[in-house]
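Paired with subunit B in one complex and with subunit C in the other, subunit A is shared by the two complexes that follow.
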Partner chain A sequence: MAIFDIFLLEALLNGVLLGGVLALLSLGLNLIFGVIDVVWICYAELIMLGMYGMYFLYTVYHAPIVAAAAVCIVAVAILGVLLHVLVIAPLLGAAPINQLLATGGVLFFLQSAATVLFGVEFKNLGLRLPVLKAAGMFISYSRLLAFVAALVGMVLVYLFMTRTYTGTAIRAIAQDRQIIPLMGVNSRRIYLVTSALGGGLAGLAACLLVLQYDVHPFVGLSFGPITFLICVLGSLGNFVGGFVAAFVFAEIIALGGLYLDLEWGYVFAFAFFIVMMFVRPEGLMARRS
Partner chain B sequence: MTRYLPWLGGLALIGLPFVYTAPYPMHILIIILIWSFAYTSWSVMGRFGLVSLGHGGFMGIGAYATALAWNYWHISPWIGAPMALLAGALLAVVVAYPCFRFRIIGHYFALVTLALSGIVLQVITATRDYTGGSLGYTPERYQSGSSFYALQFTGKTTWYLIALGVWAAGLYVWHRVDRSMLRYALEAISEDEDGAAAAGVHVTLEKLKITVLSAAMTALAGALYCQYQMFISPDTVSGIAVSLQMVFAVVVGGIYVPLGPTVGAVITILLAEVLRVSFGTRAVGWDNLVYGILLVIFIIFLPKGILGSLLALRRAS
Partner chain C sequence: MLALKSVRADYTTFQALFDVSLEVRQGEAVGVIGPNGAGKTTLMRVVSGLLRPTGGSIVMEGVDLVKTPPHRIVELGIAHVPESRRLFPRMSVEDNLKMGSFMRAARPKFRRRLDVVYELFPRLRERRAQLAGSMSGGEQQMCAIGRALMSEPKLLLLDEPSAGLAPVVVEQVFDLVTRLRAAGLTVLIVEQNVQQVLRVVDRAYVLKAGRIRAAGAAAELLASDTIREAYLGI
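The block that comes next holds the complex of A and B.
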């Protein structure tokens, strides 16, 4: 039967795993948007820097990979805080579109800083994880790892948001940013914690992506846009929505890639996004009103 | 005196190629004029808070439609470019109408149009059998090289005058929009959509008008760029990077003043060229590094842009 074609099954499965990666990517961005109400257009560039960090620590300086990953996560978290303090904080009162454009400037800056510092060559970790072979299908181990990490990351973020004081305060701020400071929550501190958390998630994504992809200064452009679309499709700031949207997108890309080219997979994903914006704008934009 | 200043400046610009013809500065001037026109096209709608990140897409459509029509069906760019313009306008309607109808505004509008630039870039790359993909594409030379019919000229002077004319037309369109009812309607809309609608403004229609105008102009810029450079690649005329570049140059130059986009183009292109000429390949990345920092600083401290702030200063004193 055509439906149980082994290639189709493999593509579907790979789609699920790709969905895990995309979900992980969108997690931090969603958090930032949900709480601070800012779109970090340069989010993918933070991940790019994290990937470079992994490359230098592991491949050039031969640090143990777990230590390298830990350092990268912390470093990108600090970058997130810096981004907030230097760029976002002065613009918190400005029109939302200005914040988006300012982070666009940061995108240019980070991309070219990476070009200047590291050159345009593709770098890779020089570490190849094995490919699992099960029932005639090939499954990338690194994708599986990213998928599991995305799930674990989701659960941890969920627990943090619901079980700790800071997490509760973050959710409260996201609901009403005027009233909550009156309730004794230090909103500046909450924003900093959230930026650090968002940056840390970007760092985690970087550690997992660098296992699968080569890093170069423009790598952010290859998965940045799709990450924003996932967040928008799943209602910006809504974790579960983002998770679902990530898997839908990944399946479209995987199936499009199976039947045509990988680019067509992306074209279909983008087109699907635009159509969905028209079909269900109210469902997608529940937070807007 | 100040009344005649624009006319004198215009005359000087027209007269320039007849006294000065060094190829490299002329090339830079032509490039600046073409991009100024593209940036002006963006600012026609961008100044009303309609921040589109899809203009890279419109520019790509303009460039590729003109080149493909010429190479495959031997349609002269005189017909091909208007067709490309129509294609850009059509695409704008298809994407923007539902956006405006369903009130996708601000962030969301920027992100939907971002998806549009992504689509155009990926389609050009994916149809590599016809468009050459990421390797780029060249319109075929017509006979000896210079031909009015094929809109191909080897001399820089002709191109300079064409680019100057189109740029001036762009400024004229900006001016006409500035003096029209459309402007007041759109300003009302950018302040408060519901209020504008209650006051009798057809929100969707007015926004659609300006978007189609802006998209068609951008497509024309793409066609012009293609005819001048005789080489286009998805990364130079379409995609998200080009869209961001447009927004950036306009914000730096000044989004609310007619010559703002032009000032933005002059600054960004000259900066890139000066760095390239003086440092060669070592300068790769430095221009964007400076742009990026400038963009952040401008948005935080000078949201009106260089020219806008200067004019505001002059008015205040």
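The block that comes next holds the complex of A and C.
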């Protein structure tokens, strides 16, 4: 087999692995938007805090890595609830622009707070995971692990959303907010659960990203924008759309990176997004209403 | 069972109900009839808690509904089938019914109630995995009523259940009201379909421009010429 085909296959596979993590990222944001009807502009900054959590627990305080991950997931879930209670809930009836400004303000607040508290140096876990070699391809173990964990996370969310009463109510409230009290559902409670779930997903994403990337106060800028683009491309609030769009984006990035380099992959992905916004402004999975 | 006294309801700049008093006794079927915009839907909404009245009292079996949080009103045995059905369109029929069983007390009874509803509407059993929004209007109305019945209510509020349905299906809906009553359910039904609803209820109130203009036994209302001409338009 030509060496070129191996590279192509490797790029495709890396695209799939990246897609899993991007899908996880977009799921949390979509969930919040679909259910509460606000956009957490500061979503990626919650992830940044989670990455710092992992760095301190694992690298500085030498906690076992699985325990550190569990603590981070729970802690970011609590941050999600706090964000809802302190910032979102008081603005639920306000104009969308005010909600955007408020969560945008939280973004700058968290970036500045992280700069003050942790400094601007890049930190990493100092964990070197092996690279697997199979059929002539090199696949990083940390990417594989992140992919599998992201899939497991998404399957758990899927089961929660389809099998439990609370999960069913979360889907229902996204479809008809007004009549939800008639079902005996307290929407305030559902919003809290959803915020915890969105935060928990950000926490899980943090644990997976910190395996591959250094953490610094502005790391949110590396994956916040792409997460928004994925959600918009998949039609904001549409879980399946976000999932599909994540893999489309990831493949563009990975294949673009194969022919030029990784930055070019991102350029292609953003260019694709802009073109798609002209062709299908409501996103790939827009519903006819 | 349910008593409204001098209820007033407002939308931001518009008063929709003026001094409305109404009573529903255990085992009765009561109708509220009146033209479009009379305030019929508003009346249902203040009872089920979707809208807070701005005056008066609403009491269900001794419990003050005005002081009860909206999501707890269904726990008192009141199920509201809203105007134009309001199913969760992108959820399956069975998930819609599951939402009807959301309250704690109803969850252990979910399977049993599901059988009751499927017995009543065999069509829903056939379509239980289908998206609710993809069904015909009549099937959606059955699903909406089925969803309300999942909580095993004492009082069923029906807001224009026959609206937008084919004549044959309208017949079925009114037949159903009779069957539900026979099974011991108390029903408060709002309709514009005056003649048909007056055949299935015991008593009715005539609502116009937010006020109760007449009330009486269904047969009397149907027979009274003045009321027919002035309010019912038949």
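The rule is simple: the second predicted complex is superposed on the first by the 276 of 289 C-alpha atoms of A that agree within 3 Å, B and C clash if a C-alpha of one lies under 4 Å from a C-alpha of the other, contacts with A are read in each partner's own complex, and residues count from 1 in each chain.
Here is the rule we use: a contact is a pair of C-beta atoms (placed from the backbone, for glycine too) under 8 Å apart; a residue touches a chain by one contact, two chains touch by 3 or more.
For clarity, every value in this text was computed on a predicted model and none was experimentally measured.
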Partner chain in contact with A:200 - subunit B first, subunit C second, else both or neither: neither
Contacts of A:178 with subunit B and subunit C, given as first, second, both or neither: second
Of subunit B and subunit C, the chain that contacts the larger number of subunit A residues: B
Which of subunit B and subunit C A:53 touches, first, second, both or neither: neither
First, second, both or neither for A:186, with subunit B first and subunit C second: second
Touching partner for A:257 - first (subunit B), second (subunit C), both, neither: neither
First (subunit B), second (subunit C), both or neither touched by A:217: first
First, second, both or neither for A:80, with subunit B first and subunit C second: neither
Contacts of A:266 with subunit B and subunit C, given as first, second, both or neither: first
Residue ranges of subunit B touching subunit A (in the complex, touch as defined): 49, 51, 95, 98-99, 102-104, 106-108, 110-112, 114-116, 118-119, 122-123, 125-126, 240-241, 244, 247-248, 251, 284-289, 291-296, 299-300, 303
Residues of subunit A defined as touching subunit C within the complex: 165, 168-169, 171-172, 175-176, 178-187, 287
Complex contact set, residues of subunit A against subunit B: 39, 87, 90-91, 94-98, 100-102, 104-116, 120, 217, 221, 225-226, 228-229, 232, 236, 260-261, 263-264, 266-267, 270-271, 273-274, 277-278, 281, 285, 288
Subunit C - residues contacting subunit A, complex: 48-50, 69-75, 79-80, 82, 86, 88-91, 95, 98-103, 106-107, 147, 151
